[in-house]
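Report on the structure given below.
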Amino acid sequence: MNTVKLTRNAAHALAQVLFIGFFVFPIIWIFMMSLKNFRDIISYPPKFLFSPTLQNYRETIQGAEGTLRAGELPEYVRFLLNSLIISGGAVCLAVLLGIPAAYALARGGLPWRKHIAFTFLSFRFAPELMVILPMYLIYTQIGLYDTYVGMILSHQLICLPLVIWIMMSFFQDVPIEIEEAARIDGASILLTLRAVILPISGPGIASAMIIAFIFSWNNLIFGLVLAGPNTRPVTMGILQAMTFDQIKWGLMAAAAMVSAVPGMIAATYLQRHITRGLTMGAVR
Amino acid sequence: MSSISLSGVSKFWGDTVGVKDLSLDIKDKEFLVLLGPSGCGKTTTMRMVAGLEKPSTGTIRIGERDVTDLDPRERDVAMVFQNYSLYPQMTVAQNIGFPLRARGVKRNEQQERIHSAAKLVELSDYLGRKPAALSGGQRQRVALARAIVRSPAAFLMDEPLSNLDARLRISMRGLIKRLHREVGTSTIYVTHDQLEAMTLADRVVVMRNGEVEQIGTPKEIYNDPRTAFVAGFVGSPSCNLLDGKIVNGVFSNEGISLAAHLKPDRAKATLGIRPEAISLADGAEAELHGTVFAIEMTGDATLVTVSVGDQQLIAKLDADCTLEPAHTVSLKTGRRRYFFDGETGLAI
Amino acid sequence: MSARTTYLLLFLPALAMLALALYPFVQGVLTAFSDRKLYYDTSSFIGFQNFIALFADDEFHDSILRTLAFTAGVVFVQIPLGLGIALLLLRQSWIQPILRSTLVLPLLIPPVVAGLMWKTMMQPQSGIVNWLLSNVGIPPQTWLSHVDTALLSVILIDTWVFTPFAALILLAGLQSIPPELDEAARVDGAGALLVFRAIQLPWIVPFIVLVALFRVTDSLKSFELFYATTRGGPLNATRTMHIMAYEEAFRWSSVGKAMAVVFVLWLMSYFISMFLMTKWQRRSGVHHEYG
Amino acid sequence: MKLDHLQILKSGSWISAFAGAALLGASTAAVSQEFDWKQQEGSSVNVLLVSHQFVEALKPLVPEFEEMTGISVSLDVLAEQAAFEKLLADLSSQVGSVDVFMTSPLNNWQYATANWLEPLDEFIGDPALTHPDYDVGDFFQGVLNSNRWTRVPMQGIGEGPLWALPINSESYLMAYRPSVFKELGLEVPKTYDELLAIADKLDTGSAEFGLITRFDKYWDLPYLTFGTMLQSYGVEMIDADGNLQICSDASVQATDDFVTLIKTASPEGAGAFTWYEALQGFASGQYALSLNEADLFAPVYQDAEQSEVSDDVGYAPTPLGPDGTRKAGAWIWSMSMNAASKNKEAAWLFLSWVTSKDTMIATHLAGNMNPVRASAWENHEVAAMVNRWGETPGQYSDVTATMAEVAAVRFPPHPELTRMLDRWAQAVQEVYFNGSDTRTALCEAQDDVEKMFN
């Protein structure tokens, strides 16, 4: 009996070590990379002991020496702000549009409900390449290219299906009687949504927002094609560490570390919600 | 406050019949109970009155208004749900006040009415709490207060007591009765518990398979069941129903022979006898003969199950009765006995 | 205002959004039926010729197979692994909260960056991965730089990036099992393995299908990881449909053909996910008796 | 002694590669005394650049231009691949949100075919728009003229309108580790035969691996690195009679030798090496030799901050082919103007300022390698910087000078050229990875390429 227990505990410990090894080690390695100079990074065998430098972070945040123009924010800080505006704005807009739509889909008894919902989801799996060139053409013609509004609109392709789909499940989870009670109490559909349904689904909304935010934040292609120098997001900023002949690994690692901070804050703060949101309300 | 009338109301879902051609008038200030087993259409009927279901045919009026196509919020009715349906994120006061908020009642008037409604249901001390911090009985009282706070045209109550334990149910029953007396609003009350129906109702509507079996005061329903179903459903322990036939004014079957005065002949007939109407008999008085099958003591009486031929009946006898299983007994019935057509179930 | 009208009004803004997205989408589909080359002003409608040419092309068949192989690999590695991790995280211990918060980390590194980082870690001669393996006596692997191992390596990277996503959903699924169900089974004398097989696994089937739905649709159109690591190489070992379309459009300006490829890809996604959706909806019926 | 370079470069085969180079110097002579830099004050120019040392060097200079002209400049710097993707999206939409961009002749053959490029001759010829000191004759004419094309596929390079102005050039050389060669008692190979003969010995010393070279699946392979080897074997994509030479005997020979070299002296995985692996690998000190790599990796190798080999690196010209010839590929970074630009005058002012003598010299001093203007080579500061590089002083300068003589763009101008060369590269990869028969693989590629001409 005891040996069985011992073996089982050992197996668990081993599984945890493997888990950490596989999922955490790369992060640690990237972090170490961000503290090395290029020579330490490329040296082989790999260096675990080295004299750390904050140069990469300094350069990431302040920009390379001599490139900062007076009165201008450092490039990478601008990328971060751009991403905050774009992803934050995209998520807010998606929630604003998506919640009423999700509610109508969940409770409106609309005909073809499932098909409409599926159509929304199907935009999630449209290959970006399919829409990106026509979108660029339209954007440049109507002046949305390289604007925050344009970027926020384009990110609806990422955020809106997610929000609608997740919120729909959460709304369906609210007991129908509560809603009936509100209707009999004389509340309009809007008041019911605002005063009754939304507060109950608060955690669902939070998780939908975080997930949409992470997906939006990590997106590359829209930023590559539809953003210009004024709205360039942080993913493109990280890629600036790639020159034509070499990748400045230290800079890239530092930039990636810095860019993960907002998501990390949001995720830590609302981690319970993230789990629930990912199941799209399937947890009862 | 006003009357409610349903005429020719039906509800179908595809081939499934919920309610069939129902016509019903609820008088102003009346307490009407819809009684029946689950699936009989009573809840559907009430939901149609509330506006939560749209009738397939027929019209519904509240007062003078035809409300058939109106939204629930335009009907001015209040409803109490079986599972309370409180708003979990709001305090008791906010819950009670929500109907007022929905109607745009002024803030200070809201407060006043919330307090008086809370007082009626004895919740004044709990106004700041969230529903999760309340007991079942307290939650149900919040739901009641939320219903009465805005003086609606009618109350609708959907099995409001069924989630409570037996003792709480009795005290809540008293509260509901008292509230109705004080507020005097027309009330439709749905239940499958005949005792609740008998104690609360001005009139009872017994329903079965989407149709009305009988409408009447509790007394009428108990004393003069219109059908075998009503007789069987109302009363506790429930009315004995024995099969047999009527020939020449005599109802008979194996072990049974009793006079059915003036009743026409029937090849198949059902006899209804309430357990409390049965007593031990000897000699010529005896109308039923059988053997004791089981005995249950209830304290104030003894319930004796007797096999009569291949049927069984329950007799409610004195507490000091000394019968034992397998004894043969002879029984007589009082005057409270009913004859029903064996085919249609209608009283003869 | 009737309820129906209200609902429609609620729905309208999102519908407008949909229309906005639909326009470029339709443009893309139309292009698939033309011989458009970016560097010619004119292009003409050529019906199904792009599709006919594609389906006659062995390289296209190969890229479909590669795309499906990648997707299958992703799903069959990440779901069991994610399930294992979820079970690991379900166990109460002091380290559990730490493990759970580290699980989120890979999601916070943009896939394109994760791809580049892994590429350098997997570099056969100078990468940390081979160095670590050599320390435990495993011979160096070629990873991304050989035709035989490249696709598997991308699957491995994808596993690092997206398994946390799968594990989080499955963990939530496991946590949603009513405790009395689990307790009843244990009182009945079931061991951990039987509990897993008889209680936990059937319960989380809808969650597994949900993960599959997400991972399948995302893997079919997976682009950024390939873009960052192999760009379809070496040779054509990782040339999936999306990469093929990318090459046609951005390297060779053959937009018509590129759009035809992504259109086929989109149809595949659509039907596969439709199939999974119906599965999901049927399977989630399991929960209703407890609901 | 530095003047040697100048002369060689000026008269080198850059020119001979493109027959009929036209000199444009004359137009710059007649110029009004006062040039008005402020003529486009208040307008703005959007510039799309590839992340490159040139750009790092240019960035700090831009505010001067803005101050001088009152034009506001928005620099958009992207990684190479991303920049070309973005550029394609912008050019093809013809809305002109990018005014000026970095490009190369190879890319421009596609862009010019599509009418996306603005011809620059008229701007150069207009004294109101071009500063009198501009001196277009100062560019190495071979380099300059590689940006001329009549837009007739397969011919007319060096003729017709000027589509771009060069900003730097890149050719190929060998970098080696003197200590390793000394240790092994080997001479740095002068021919591919010599290289093949010592290939199996290179990794027997303190270097872990023998040689490294760029070898991925795209057109860069036959165009740049392996292209340099092919050309030394006498292979050009199309011969004088207009026949494809992809599976000629010489091409088969070169391919066989190349694959043998890689299989013998390179580690596994060499079939996926891009510039990134090539530069990083050699700089990490794991390799004895870097074959046919870009000459402008030298600044990284020489920098002790970035390289393990900063005190142990030498340079040699690329090996000679079987019959003793040496030819090399060339990459010319250039700048073009979008035909759809809405601020062409302002765009030109910027373009001409960037490619002016002063600006070019300033960028070279800040690390923009391989000048394309004679005046830049004459500048002593630039010369002094590179003179220190190599096993012996002046080695790097001499090698680049040698290579400049033989470097040229030896491909037919055609919009589908990238696709053709990608197909060619695929055949070489098939030989390496699948062990396909070399001639079969190359001839299949040739057949496919043949079809692309139609």
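Points to keep in mind about this one:
Just so it is clear, A, B, C and D label the chains in written order, and each chain counts residues from 1 on its own.
Heads up, the rule we're going with is that contacts are C-beta pairs under 8 Å (C-beta built on N, C-alpha and C of every residue); 3 or more make two chains touch, one makes a residue touch a chain.
It should be emphasised that the depicted structure is a prediction, and the values quoted were computed from it without experimental measurement.
Touching subunit A and subunit B together: no chain. Using CA-based centroids throughout, the chain positioned farthest away from subunit D is B. Centre-to-centre separation between subunit A and subunit D, using Cα means, comes to 39 Å. Subunit C has its Cα centroid 57 Å from the Cα centroid of subunit B. Centre-to-centre, using mean CA coordinates, subunit B is 93 Å away from subunit D.
Shared interface positions of subunit D, defined as residues touching 2 or more other chains, are 85, 92, 208, 280, 284, 286.
Across the assembly, subunit B contributes residues 71 that each touch 2 or more other chains. Counting partners per residue, subunit C has 3, 125-126 as the residues that reach two or more other chains. Interface note: chains touch in the pairs A-B, A-C, A-D, C-D.
Contact residues of subunit A toward subunit D in the complex are 37-39, 42-44, 64, 66-67, 69, 132-133, 136-137, 140-141, 145-146, 224-225, 228-230, 232, 236, 239-240, 242-247.
Interface residues of subunit C facing subunit A in the complex, by the touch rule stated above, are 3-4, 6-8, 10-11, 13-15, 17-18, 20-21, 23-25, 27-29, 31, 84-85, 88, 91, 95, 99-114, 116-118, 120-121, 125-126, 128, 131, 160, 163-165, 168-169, 171-173, 175-176, 206-207, 210, 217-218, 220-221, 223-224, 227, 242, 245-246, 249, 255, 258-259, 262-263, 265-266, 269-270, 273-274, 277, 284, 287, 290-291. Across the complex, subunit B is touched by residues 175, 177-178, 180-188, 191, 195-196, 199-200, 202 of subunit A. Within the complex formed with subunit C, the residues of subunit D that make contact are 84-85, 88, 92, 110-111, 113-116, 208-209, 216-218, 267-273, 277, 280-281, 284, 286, 415-416, 418-419, 422, 426, 429-430, 433-434.
Residues 12, 15-16, 19-20, 22-24, 26-27, 29-30, 33, 42, 44-46, 96-98, 100-101, 103-105, 107-110, 118-135, 138, 153, 156-157, 160, 164, 188-190, 214, 217-221, 235, 238-239, 242, 247, 249, 252-253, 256, 259-260, 263-264, 267-268, 271, 274-276, 278-280, 282-284 of subunit A touch subunit C in their complex.
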